[in-house]
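Shown next, in structure tokens, is the structure this report addresses.
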Amino acid sequence: MSSITGKNVKLSVFGESHSEAIGCVIDGLPSGVSLDFDKIKKEMERRAPGRDSVSTPRKESDSFSIVSGVLDGVTTGAPLCMFIKNENIKSSDYNNIKNIPRPSHSDYTAFVKYGGNNDIRGGGHFSGRLTAPIVFAGAVAKQILEEKGIYIGAHIKQIGSVCDGTFDYNCISSELLDKISSEAFPLINSEKETEMREEIEKYKSEGDSIGGAVECAAIGVPAGFGANMFDTVEGRLSNILFSVPAVKGVEFGLGFGFSSSIGSEVNDGYEIKDGKVCLISNNNGGVLGGITSGAPIVLSVSVKPTPSISKPQKSVNLETLSNETLEIKGRHDPCIVPRAVPVIEAAVAIGLLDILSN
Amino acid sequence: MSSITGKNVKLSVFGESHSEAIGCVIDGLPSGVSLDFDKIKKEMERRAPGRDSVSTPRKESDSFSIVSGVLDGVTTGAPLCMFIKNENIKSSDYNNIKNIPRPSHSDYTAFVKYGGNNDIRGGGHFSGRLTAPIVFAGAVAKQILEEKGIYIGAHIKQIGSVCDGTFDYNCISSELLDKISSEAFPLINSEKETEMREEIEKYKSEGDSIGGAVECAAIGVPAGFGANMFDTVEGRLSNILFSVPAVKGVEFGLGFGFSSSIGSEVNDGYEIKDGKVCLISNNNGGVLGGITSGAPIVLSVSVKPTPSISKPQKSVNLETLSNETLEIKGRHDPCIVPRAVPVIEAAVAIGLLDILSN
Amino acid sequence: MSSITGKNVKLSVFGESHSEAIGCVIDGLPSGVSLDFDKIKKEMERRAPGRDSVSTPRKESDSFSIVSGVLDGVTTGAPLCMFIKNENIKSSDYNNIKNIPRPSHSDYTAFVKYGGNNDIRGGGHFSGRLTAPIVFAGAVAKQILEEKGIYIGAHIKQIGSVCDGTFDYNCISSELLDKISSEAFPLINSEKETEMREEIEKYKSEGDSIGGAVECAAIGVPAGFGANMFDTVEGRLSNILFSVPAVKGVEFGLGFGFSSSIGSEVNDGYEIKDGKVCLISNNNGGVLGGITSGAPIVLSVSVKPTPSISKPQKSVNLETLSNETLEIKGRHDPCIVPRAVPVIEAAVAIGLLDILSN
Amino acid sequence: MSSITGKNVKLSVFGESHSEAIGCVIDGLPSGVSLDFDKIKKEMERRAPGRDSVSTPRKESDSFSIVSGVLDGVTTGAPLCMFIKNENIKSSDYNNIKNIPRPSHSDYTAFVKYGGNNDIRGGGHFSGRLTAPIVFAGAVAKQILEEKGIYIGAHIKQIGSVCDGTFDYNCISSELLDKISSEAFPLINSEKETEMREEIEKYKSEGDSIGGAVECAAIGVPAGFGANMFDTVEGRLSNILFSVPAVKGVEFGLGFGFSSSIGSEVNDGYEIKDGKVCLISNNNGGVLGGITSGAPIVLSVSVKPTPSISKPQKSVNLETLSNETLEIKGRHDPCIVPRAVPVIEAAVAIGLLDILSN
């Protein structure tokens, strides 16, 4: 395992789905920052399950307590430790999968790596539940970034065959980011919600699941942060983004759209505006040569369909080495994309804070 | 700058396009490895410019010398330093861009970060030429990996509107990887070569450029390497892949294809084959929960069109803060994708060697 | 702050003297290790205050709970989080020092670094109490090392003018290390105890404090671990040892004794014993060229007198910038050396486990 | 091997005593720094052998060339690579030790770690010659630190039974540091030179060697840098200091003198001077709680006697596993301490620059 990341602001995540608690330690935060815990709670609620008909009915209490690093609501500079007790645990739901790895989950690879000693209940340390501490750390990072005029927001870009639009370079405001960040089903074109929900319901009713994509933007990041070659903004952010379960692709700006693009059409020219150097377009997503350009950082991630489906699947018994048919019971998200949105925002916030801290 | 990467096997890259030399230091290599320098030379030649009608006619001498770390052709365990003298330098070609940043290059962001002190000639440390040391390090890594039965190969997946096929899970052999790695224009379906070359020639004749994508596979990687959460195989490889200039997206397995996929269709089931656990499909590209599954690691990167085009582009003068029209002279690749193939292979080899070293 | 250390086995320490709790996260432990919690408790008790007439009468409940990473007493491979609730807190004791830095404590430097936001109560994150999680982590590391045949033990080498002997190269056994590790006042020559206690009582009665030194040995470490140049065993261990409050010097083998030594007398020759290469002497303390030699690792640290004394001391008011005379009240150790012994053992265990893990 | 160090300013050292060249890469230097290469040359000459009757008569050409990272004498921000060709190599001198490890050298431990593949000639990568790149990097670091008002200097504290004085807290000026740094035999009390030289000559004439100690000071370091717990100034500096061959102990301020000290006598009180907080004494050597106090950083290292002596020594043949008597021929320093002085300064400069860079 390495559940520790960061160079200047370090994040250590601990806990398992069915352990006593989950939480995190954030080391290297600036001292003297007043934290708004109500705002942090709201971020946590965006991720928590059981709030929406298209998410799992499983309720998780994500109420957290601050163990250290904060005095009278202000950061002390010491490591900030946060703690969430695990409750509402149904261990019996997972009994039938002890030795039968769920397809496209980490069960098999964890079994090989940890020799069968890892806690299989609820996915253990690989559980999507471990994104709660990430959202917490992201909410803290966001508040520090907002003091520097940096705002982050994300929306559902795609669910199955239904697509939202993408961020328009000339129209990304803190208001827009704030607006989408406050919605349970964040979209740029909110009229797409019905169609997307129908897409999800369709696969839910079949005991199946559906994938999607999330687009995230950060505005207000000054030019000149990050570095060539191995400390690129793209590389550092993608390292954290791939820690989010189900993320299987990361692209910046046009990303894979560049593959069929022509230089003269997608090169981002410059112009002088109000005496300042400005980018005319932002196909590179705010990063050039690994360094921020001052334009919004725009990135997308692909999110695979929830691996847990109730349809029968082909698996094996790792002990007897025989073929098995697996039917996963329990309460699962037919589409994890809406709940992934705040996690992606958090991952970007954590990464950016670290990049800007040096 | 941070041109040093790696945890156990560390790579330090140095040099600028017009400095006395470029090169690298590889620290943490196993001792006692016999290196085949002819094979390394061949890898270097795959990347070198001027070998093909669709690449820049500019010739670069990539002949390298080993400075330290090798005795009688065998690694000593001490840092391996490699050195390539810079020759055939035409500094005058770049005089007109001193203060006028080339669109979609790193000129502007480097100017901001380094206060105008960075060496602008040929792109300085940001030059694509710096991929030569990466290919060298990758060639060394490949030889060490091959001793462990791990083989890596990549092909052109797409150029503009023309697509090659993708790796077929059941048919990736060391012979196939070896075959495509030996070609100047590596494709799975070689009959696509003419069409792709025509696509490139078309934009070349217009003084324009075209983007594409590269797909890379590594076979023979045992299950159980990598880790959840922040040391995922995806995160560590993508951190190196984004150090390759022009790469703007990285995806594993189906990657962004997951966004429109259904769980029951893309979940990778298991079966017992010859008494061993096998994956029935490999849509996750050989990585589950950040850990290798034993199936081939399959990833793709998007490559943006070469930013250097001869068509007039909008830019600014960073000193006078006035608008400018820039026409880039010099010898540039109309499509960098074919030459990016060995660099992507090298980046994957470097990353995998580091992951497997712990 | 950076309260995270380690390359392969990472330790993250959190908490402040008066925060809700203190604890640690250990990331990268091998899975499948059965932990003996009674043994860990005994290690914790060795460090805990209030057990001996020469230590502070302040009692600290060091009873810990395991939050994650252990299932049925066996490590899962996931981050192991440990938690100690803070009790018996007397905040009023520290009220008079809010703006008056205690000499030779971290109060002033912490004030400068954290702008007065750090938690001053009980020393905050700088408190000696934070050595409890280090002892815990060390106890876990010791158990893993013992499975590999590696044993660690330390003794009081010096208190003021009274010296114990030093480890004899030919007579360091696991029995000896076990014996001294089980004593409240660990000495090689136990007849020195009375004299040393008298030394401490003398300064205690004067409201003063006295310094000392601790010597630590690790036996069973195979040759060939560690590395030249910046990953030396000496450098990696000393980095952790200097995290122990009051440690101001670290030396290996003869250490500063080398300064007045002659090569022919202190060079460690070799001989063949039972068909194996053996060192005839061990003046280098088990490390040559930064790499373990197979001989016991032997090191000493100097421990400064407890800065908290009840005698009046010259200080200043950081707010009013006026001179002050400070008299520290509260319950303090007149000599921290006996309680430092298990902490030094723990630091060495943590460092060695990390070094051996790669 | 890990010959790479640093968090923000990274140093990668390469080369072996008899490889084509030795050198280093410094990554993360600020851009825009004008380097005075004459000053750097002078630093290099201080370390170079063959300049003094008490050092080895072996001459090494330490003339270096700048490979990259500097344009018109100014740092570009790209990795600075420096290169020293190896000349005057007498490989035959080392033939008789191929399989017979020299006592107290790294020969045996390197043999175990690298399976006999390491380059034994001249000590390979373990050679004291590799301190040349460290002195180079230190000279660069010193210039950057001097721009911030930070000056570093060291002197011979002890050779065998002869001691120089120590830095007096109230009298460390840049003039003093400059003066001692310009001397071949740097002392605070220059009248000790004759006695010390006699001590060295005595052991030289016997074919033996003698140890010593070096004290180093850095003035002008502002309060508030470094950190508790694992990023202490002491820990970070000692990690680099232990990379200097022959260093076996590191202490800060009183260091091991604390072991016999009384709190009331060595605690560093505070007073207001010219409206500023000042330390009345500096027994803690400029570091409290791992953080700089604003007082001079003062540290000492012990240097063991040169292991290479011409007297017969007991060793073994690693191939035949038989006992051997070894007589080392060649040209060696009877006392390495005078030549270690600039290396210790350099190590401190490199470490401080990195600490101050974040």
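In this document, chain identifiers A, B, C and D correspond to the written order of the chains, with residue numbering beginning at 1 in each.
To be clear about the criterion, a contact is a pair of C-beta atoms (placed from the backbone, for glycine too) under 8 Å apart; a residue touches a chain by one contact, two chains touch by 3 or more.
For clarity, every value in this text was computed on a predicted model and none was experimentally measured.
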item: Repeat of interface A-B, chosen from A-C, A-D or C-D - more than half of residue-number contact pairs shared; value: C-D
item: Pair sharing more residue contacts (C-beta pairs) when C-D is set against B-C; value: C-D
item: Per Cα centroids, the chain farthest from chain A; value: D
item: Whole-Å separation of chain centres (CA-atom averages), chain B against chain C; value: 46
item: Rounded Å distance, chain B centre to chain D centre (Cα mean); value: 39
item: Between chain D and chain C, distance of the C-alpha-averaged centres to the nearest whole Å; value: 27
item: Contacts with 2+ other chains: residues of chain C; value: 1-4, 13, 110, 113, 125
item: Chain A-touching residues of chain D, taken from the complex the two chains share; value: 7-8, 358
item: Chain A partner contacts - residues on chain B that touch it in the complex; value: 1-5, 11, 13, 101, 103-106, 108-110, 112-113, 125-126, 130, 157-158, 160-161, 203, 208-213, 223-225, 227-232, 234-236, 238-243, 245, 247-264, 266-272, 275-277, 280, 283-285, 287-294, 302-307, 309, 311, 313-316, 318, 321-323
item: Touching residues on chain D, where the partner in the complex is chain B; value: 1-4, 10, 12-16, 19-23, 25, 27-28, 31-32, 65-69, 71, 74-81, 83, 110, 113-115, 117-119, 124-125
